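The chains carry the letters A, B, C and D, assigned in the order they are written, with residues numbered from 1 in each.
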């Protein structure tokens, strides 16, 4: 099995993009060591990070290609151990072109309590359109993580889900949008956490949340 | 419409300054992704960051120029989505030559509670002359953010306002002074937050606040 | 006394590895100033950091070699003041090929309270197989630190121990594995701390902890 | 007035050292913007940072020289606005060869509450020999800051004092030792703060504190 010739150029371009986007994860302090992974869909395939490779060694060459069942199609290393979850999302959410998984610290802290992040900052209303929801506790090894992501995010404005006791997954129309959501998620997870340490943040009225979200999605054309 | 010839050189110099000052925002960890913006007034115009551009690509070339109503006068990209707020400040506060907006984490945390930062550090007395005030909740799309900034900071010593559920805006005689205020604001927002986590900070007597502020403004010639 | 010829090449290779791994300590913010040290076993010897040397000056040349009693065998500087603890571990734990000591902030905070870190994140279950245990209070100068590490970690899944009022020691099959454990330890110490600041994290069921640990150790072949 | 010829070479060497040591302040995140300063004594003079200069521009050339009354002796810029405090320390503490002042965040947080940092980590016992004390509230403009530092640190083991509502000053036999104390101070201020957020750290018995301090000062020859 190999990548069809007619998408060769698109796959190579996606490898460059996905490799460059991986550098955003340590840059914004979303990952330690080799944790975290970014993928991008190209037709019936997706490009993803190999397993257990240092962020220093993540160039386009190192990226691997899988089909939508998560089977390795191209690359000399094993795909990320989170590949099955990425594949499940691509199979079940047609509009998703990029997926990101991290264990970013403040998002993981909310996830360990199984508590959604309330929408108390305009940046949250803009990007997430309301609270960031919690997904079920699911362990690696079958489809349960992917299923939990899809069930939680289907018909939800938020491009981010906090998988309980685990960490966040984010989605987007492409890998860059999903990375952006991962970066903003950690920032709002941190700011709302800090705010609540000394009292209760003021809620934003629902009509203002709706207006901010509508405007932002329109201007920036997300999803 | 275009920039008049007689201020060409001043505008170009301001573009260089404003581009370089944008690098201070990620350097001091005041922004993530493409959030945050710096502007500087030049006559009846101001130089500001374009919308949605990565901090890696923010050179002088990329900066755009607007008139004081916020209309784009020069540049190939859209001005920052916060341009209307900057423009409102320049129209209503003659002594202001620079404006900065960020979502810096600790300042945003105080803003989400709608709580002013008490003046319990000499660094705060020096730069802000007392507590940092909170402005009204206002959503993007009309003049309400700019009006909230101007109403809060008029006749107030502080060059910084925490816009409720949103984040800080800072002003200065030029863009550098406004960036300095944004950097020091986040530092005092963090230090006072941390101090209050384990008890109540000791207030600084008002006469000492006044003496520190008078001396610092005199020495450094702020505002 | 000197390094036997037949392990010369292995010792030199270990010096390169250990020097490079020291750079991971400031990179992941586990150390300040000259604190922290990494060692790796080579036969009846181990390579370790010299005492009191800045991280800027830690190349392979600067590394020193000790025998398993902690005596200096090669190098112009004194070995790390924690050398006796490393040596004790190597003498008493045959499967250990690498040892790391840091004073990383959040791990030290749990250590100052003498409180183990509960296992509430899948990342913890993967790497540590359960809670991270606390070792006894022991002061430098004899074998008491080494003994405390060995007694705590023998027959324990965790490759990390929080020595009370002191800081973490981690072990691994080689220096890289021990550094990885030190990096992940600080990350889970931080995330679990933050989670508990606003409530009680949800425990992970023991069978899920066991399944995660078994799978991860199998895939990555740790220990 | 000018620097005597016989100490020309010593002053020039001190300028190089002090300039290089200023780079440690942002490196270890002890300062923002232009805050913070390092000085080193050379005979009846001391080298110190000029006022209000960016850390990017702090080379040896930029350093200024003052006499022990704080008068500018060499340099084109004004000395740091904290020069009088440095000078007071040098005049009254003969064994001090280096002074550092920062507003490092966690140290400032303890200082805002006017609360000493208890000795609950071996790193604190090593470097500070016990708790880090609080000095009086004193405002800039006369000798009161210098006097507060000297009164607090005289006959005290700690090379660091938390000036109330202000921030830390540290001393050492030379500038490098004072910078080291400033770096370790912020680290223990942070770790002890974090530890106390979730309970009460365990005290270290006084005889263990004494033994750790005696050993560390002997080995590293501090003060």
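The rule is simple: contacts are C-beta pairs under 8 Å (C-beta built on N, C-alpha and C of every residue); 3 or more make two chains touch, one makes a residue touch a chain.
Just so it is clear, the structure is predicted and the values come from calculations on it, not from any experiment.
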{"item": "Interface residue identity across copies chain C, chain D - same or different by half", "value": "different"}
{"item": "Between chain D and chain A, distance of the C-alpha-averaged centres to the nearest whole Å", "value": "44"}
{"item": "Distance between the centres, which are taken as Cα means, of chain D and chain B, whole angstrom", "value": "31"}
{"item": "Contacts with 2+ other chains: residues of chain A", "value": "197"}
{"item": "Touch-based graph of the chains, sorted into line, ring, star, complete or other", "value": "ring"}
{"item": "Contact set on chain B toward chain A in their complex", "value": "32-33, 35, 51-52, 81, 103, 105-106, 108-115, 137, 139-141, 164-167, 193, 196-197"}
{"item": "Interfacial residue positions of chain D with respect to chain C in the complex", "value": "28, 120-123, 180, 183-184, 186-187, 190-192, 194-195, 197-202, 204, 208, 211-212, 215, 219-220"}
